[in-house]
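Okay, so chain A shows up in both of these, paired with chain B first and chain C after.
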Partner chain A sequence: MKRYFGRKLLIYVITFFLAVTIDWLIPRLMPGDPIQNMLARAALNANAAERMYTYYTHAFQLDLPVWQQYLSFWNALLHGDLGISTYLFPTPVVDIIKAAVPFDIFLLLPAILLSWWAGNKFGAYAARTKRLDNTVLPIAYLLTATPYMWLGILLAWVFGIILGWLPIAGAYSYTMGTDLSWAFVGSVLKHWILPFLSLFLVGFGGWAIGMRNMIIYELEADYSHYLEALGAPRKLIRKYAFRNAILPQLSGLALQLGVIVAGALVTEVVFSYPGIGYLILSAIQNQDYFLVQGCFLFIIIGVLLANFLIDIAFVIVDPRTRKGMVGE
Partner chain B sequence: MWSRNKRVIGMMLVALLTVGLISGVAVAQAYERSETLYVSGAAWGPASTWNPFQPGNLANTTGTLGFVYETLFNYDPLTNTMIPWLAKSGTWVSDNVYDVTLRDGITWSDGHALTAADVVYTMNLAKEHEALWFAPMWNYLVEVVAVGELGVRFEFTDAPLYQEFDNNLYNIPIVPKHLWEWRTEEQITIGANANPVGSGAYLYDTHGSDRNVWLRNENWWAIDALGLTPAPKRIVDIRFSSNNVALGSVIKGEVDLSNNFLPGVAGLADQGIVSTYFEGAPYMISANTAVLFLNTIIAPMDDPAFRKALAYAINVDDIVNVAYAQLVAAASPTGLLPSLSAYADQAVVDALGWSYDPAEAAAVLAAAGYKDIDGDGYVEAPDGSKIALEVTCPSGWTDWMAAIAVISDSCKAAGINLEDVAPDYGAWNTQMQTGTFNMTLNNWAAMSNTPWTLYNLLFRHPIQAQMQSGNFGRYDSQELFDLVDALAAVQTSDIAGMQAICSDIQTIMLTEVPMIPLWYNGMWAQFSTSTWTNWPLDDDNDPSRLPTTWSGYWQLGGLMMLCELELAN
Partner chain C sequence: MSLRVEDLTVYYQTLRGDVRALESATFSLADGEIMGLAGESGCGKSTLSNSLIRLAPPMKHIKGRVILDDQELPIADLHAMNEYRFTEISVVPQYAMNAMNPTRKIGKMAEELLRSRGIDARKALPELERRLDLVELDHDVLKMYPIEMSGGMKQRMVMVLSTLMDPSLLLADEITSALDVSTQKAVAKMLVGFRDREIVKSIVVITHDMSILYQIADGIMIMYAGQLAEKASTETIIHSPRHPYTKLLITSLPKVGVKHDEVRLKGIPGNPPLLLDPPTGCRFRERCPLAFEPCMDVPPFVEIEPNHFVACWKEGGANA
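The block that comes next holds the complex of A and B.
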């Protein structure tokens, strides 16, 4: 087991190094000049622009040779310094991420986990159950195929504007500050329902369909027929089928959990929900190397971490993995 | 037994939590609706700086200038009057000496008095720090001195730029010397200046990533001195990330004033669902001119005949009616806003102006030797080379994207091969400043007291490797530059003198067509009357107010709007 994780860890470290290098490189290949964009937005005196341009290019170390920029990037990174945003100058990148990411986690973590759990349960139950297969599953197909933007706007329109039950924008009421109180918590939850629901519904449909097809596949497998021939109860066969069908779903879950810190851009746009997705888009549009780098660094860490956790989970849920480790 | 107990306890906890939440919501200490104004449309990202010297798009905190920091004068663009503000009066005692007398009894929000020392300190900042936007003023300013507690004397060289100086009078924020004098150059020019202390009508209250909240300054000097009190105790400035949310919020009455561009507002205004400044087209006040800059150092845009053909070829009516659904008005070929129409020489426009005329475009092209040689439907240059051009605007600016699509279509119809392309904002900006575009839209001249502001954008000079704030097409004409400089040096009270120079500028502009003014972008404003009424309207004979929350417009009538608002019954 030690060797298994040792090897995995080595692969993760190499992946991290390569991914962060690409993360550093890609923004610098974009057309445009971040310092120029920043100065144009900063209402500085144009006559002094040349001088300021030189000053900032130096301050952001963009005048150094590329290899030196790369080395000092790693140096700063290892000291926990992600630099200063040019798009939201002079805010440090760390502060921007710290302010935005909690909203994403609060919204996406429950949406992903609950839709995964409920979708798999329902998909497994619906497979080969004629009534459900013919009624509810088409709805799942519809949900997962719905353009997300449209579903979001529809929900906001019905529950927000026509019925007026729920707010259509923001993460908490625009009528209050952030003092921790019951009212604030209630407001946060109320504003959370619609964005959550929209993410949950789409996710639910996808997981349910995947699970249903997987179960049908497993029920056709030799071991199922063998069990059937032995006269095992239907419930037992389905239990075994579920255990096998859940494995690919687990990998899918890891992928989704990993990119939580990338936010949910479309949700943020439709419900005007604060989060990192919209900021990443703005950062890319404004050639903000440092904010783009910082955001993607956390995405890389998130993906690797989620994969690592799933590796551990596989050891627990899939006996074949354990068998393989003993055999080494 | 134990597991059943656990379940019961769990259910009780959930019930308690629910009750707690519901009762919590019931006693919410929310801002009182009747004391709060909700606005949107000024911020495009999280707030990043409260530095009054960086009031542009960067800050995302409209109100830093106007709410917190104030200017010596305010300006009413609709009647073209300077309104004494921190200054009680300002007079030119000679051609190069300007005296300001401050109002007595103005205090900073920390209780210190605002005196001549603060004004002198602020003006001198630009002398020391070249990076501040008003530093060029010191090219013709000799010194600024305090005369007693409340007097300030500006002494100029022999050739002060009166037009620019007047503009500065209502744009330079006065900052408190006692809090700023120990700051470093970096803190002054680009520091974030968190928790700003100013003299104005509102105080910084709080901010979140999608909002800025301002609280009324109950000790504001103008409450006594001018009898002005802003009606809303709090202003919540919301950043929405999409138009549909902004629109939904105005319709629900949750947002009182939206300064976002919302396509289709004309229909909603006609149905009475939202209110706008004008009852019919163009619904919005014209706020700035959308100009098509032509890169005059690249062929064929270096040919005045080709540029004139473009001016005839572009169907501005389609931009107004299709791209904007009647929310804007077509621009005069001079580019001057209706509020500055006194400086547009109608005789010049009649003689040299243009309007959409495909036949005339074809005639001009043919006369200049542009012919379709290879039969692909598009003309080639007189030397036979192919013409393939691009017109750009930033990606995501949906109204401009629709407009460049119209420009492209109408040019193609006239036989000019022009594609519309929308790069990312950053790439667009870099292309514009480094002169690597063909044609692009720009509107960076705000409403102003002088036509010089527009000409300073259109004919910015000298031409440098990077043109950061004007003349992106690098149109080079010393004669024109001299005229713009001459205009800057005319006294703002000398209307006839200004008109004479403007007329000369327009003659060159309409003959040479260095760029093409197309339409007036609106001061987008749709308001709900469900909580607040008495919004600025066209018909109320009270033009000193502007229905806007945009940065840089508070001292142009935005603040007066707040003072005149009334609660709906």
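The block that comes next holds the complex of A and C.
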């Protein structure tokens, strides 16, 4: 057991190192110059711009050799410093991300968990109900094949524009302060419904189809046939099939939970929802090395953490993984 | 009389038509009898066994009755059969190696199976452990997952699970096929033990391995291409078979003391017919060295001597 997790942990550490290195490298391969970009927003005369440019390039250490930038990046990172954003200068990257993450969690955690739960339940149910299998499942196929943004735009158009029931942009009303009042909570919930729904529906369709196919596969497995030959009640057979069919769904869930801090880029863009997804887009558009790095760092940590948690969960629910641990 | 099968006919429904896998099988099984059911692959052994316990699509019941301990089994009704499965008639399936749920501890599975029949697993535990002793399994297997057991252990465990309700009839489908020779013999002996201790009343052992049958079976029934060919006591089948197929089958078995690099082992020329569109009359006709005019009609399965049934015009059929 200890050895198994020790080995896993080592793999995660190596993965983290490589991923962070790539994360550092990728923004620097973008064409363009973050400082120029930042200064372009301020109206300066040519002379001042030149001096400012030199100053900031030095301040952000972009004049140093690349290997020195890399080392000081790791040094800062290990001290919990993600740098200063050039796009939202002079706010530290950590603060920007801290402000965005709650929105992501608030939007994505319910969307992912509920769509997983409901999709699996529904898929398992559809697998043994012919009528449902023939009517509702095609709709699930349609849903899961729908691009998030298209469904998002469609929802915004129907419920926001035509019916006018729900707001279509932002996380709360722009005219409102962020003080905690009932009106504010109501506004947040109202703004939450449409992005949530677009994520939930697409996820739901995917999970339902996956579960339906897995259940059908498990019901054809030898152990199911054996139970049938022994005249075991349908309930017991379904229980066994469900328990085994849920395993691959569980690793799928892990992957989704891992990118939770990444937000749902297109959905957030469609609904102007101020999560990390929205932030990544702005950061890339403005060549903000530090903000891009910071966002991706959170994604990396999220993915690794979620995978590690699922590794542990698997050891608990699937005895076959436990066998592998003592094997070597 | 433990089991009586009358005129049982079962087809497989396929898109290309009915596959006539079991045609008018009529036979009976005495109390306490272990009957071997032998024949080559695709001859309908498993079809016969499956139709006794779970006649599910694409199998289709065409006609015939099955009477177990003076009760007619509703074999064509998947749901009504549940009452008899496990309690009256049970099976050690061909796929016994994979028959147990990979993510459930074996004891837990046994408990859930018993509970589905309204039996308190705790009260049944001493008996369960006694039976584990019988098949020489450690009591700790109840705390194990199927993946932690060897093939032979799984095979024996399934034997215990299948017979927990003391069924009258046990169908053992190819239970020794995936095992090595020494384990085969042990498992076969255990099967006899189940009968001797009256855990089960009678057993049908389905196999293509005649040597196992010779060791444990009281009688042997030979099938060919969906039809019953011959049924008699083990001694009779091995030493004085009457049906030409049985004769050829027995001579094609290797014998102790014969060096087969000197005497070439004989096979049966030709292949069994396709059962999608089988020939009329005796289905062995094409390969039979003795075939003659009457073989164009199906030979009746008649008793030529006490407890010796043959379906051949050259034998009982000519006298009938």
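Quick note on the criterion: the second predicted complex is superposed on the first by the 322 of 328 C-alpha atoms of A that agree within 3 Å, B and C clash if a C-alpha of one lies under 4 Å from a C-alpha of the other, contacts with A are read in each partner's own complex, and residues count from 1 in each chain.
One rule holds in what follows: contacts are C-beta pairs under 8 Å (C-beta built on N, C-alpha and C of every residue); 3 or more make two chains touch, one makes a residue touch a chain.
Because the structure is predicted, anything quoted here is derived from the model rather than measured.
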Once chain A of both complexes is superposed, is A:236 in touch with chain B (first), chain C (second), both, or neither? second
After lining up the shared chain so the two structures overlap, which partner does A:38 touch, if you call chain B first and chain C second: first, second, both or neither? first
Just to be sure I read the superposition right, which of the two partners does A:9 touch: chain B = first, chain C = second, or both, or neither? neither
Count the residues of chain A touched by chain B and by chain C, then name the partner with the higher count. B
Is A:286 contacted by the first partner chain B, the second partner chain C, both or neither? first
Tell me which partner A:1 touches in the superposition: chain B (first), chain C (second), both or neither. neither
Touching A:255, do we find chain B (first), chain C (second), both, or neither? neither
With both complexes superposed on chain A, which partner does A:228 reach: first (chain B), second (chain C), both or neither? second
Looking at the overlay, what does A:22 touch: chain B (first), chain C (second), both, or neither? neither
Is A:99 touching anything from chain B or chain C once the two structures are fitted on A? First, second, both or neither. first
Across the complex, what residues on chain C touch chain A? 53-54, 56, 81-87, 90-91, 93, 95, 98-105, 112-113, 116, 145, 147-148, 158, 161-162
Residue numbers of chain A touching chain C in their complex, please. 221-223, 225-233, 236, 240, 243-244, 247, 317-320, 323
What part of chain A is in contact with chain B in the complex they form? 30-34, 36-53, 85, 87-91, 96, 99-100, 153, 156-157, 160-161, 164, 168-171, 173-179, 181-183, 185-187, 189-190, 268-274, 278-279, 282, 284-287
Sort out for me which residues of chain B touch chain A in the complex. 20-25, 27-31, 33, 36, 38, 44-46, 48-49, 53-58, 60, 130-136, 189-192, 205-206, 208-211, 213, 236, 238-242, 244-245, 248-249, 251-252, 254, 394-396, 423-427, 429-430, 433-434, 460, 464, 466, 468-470
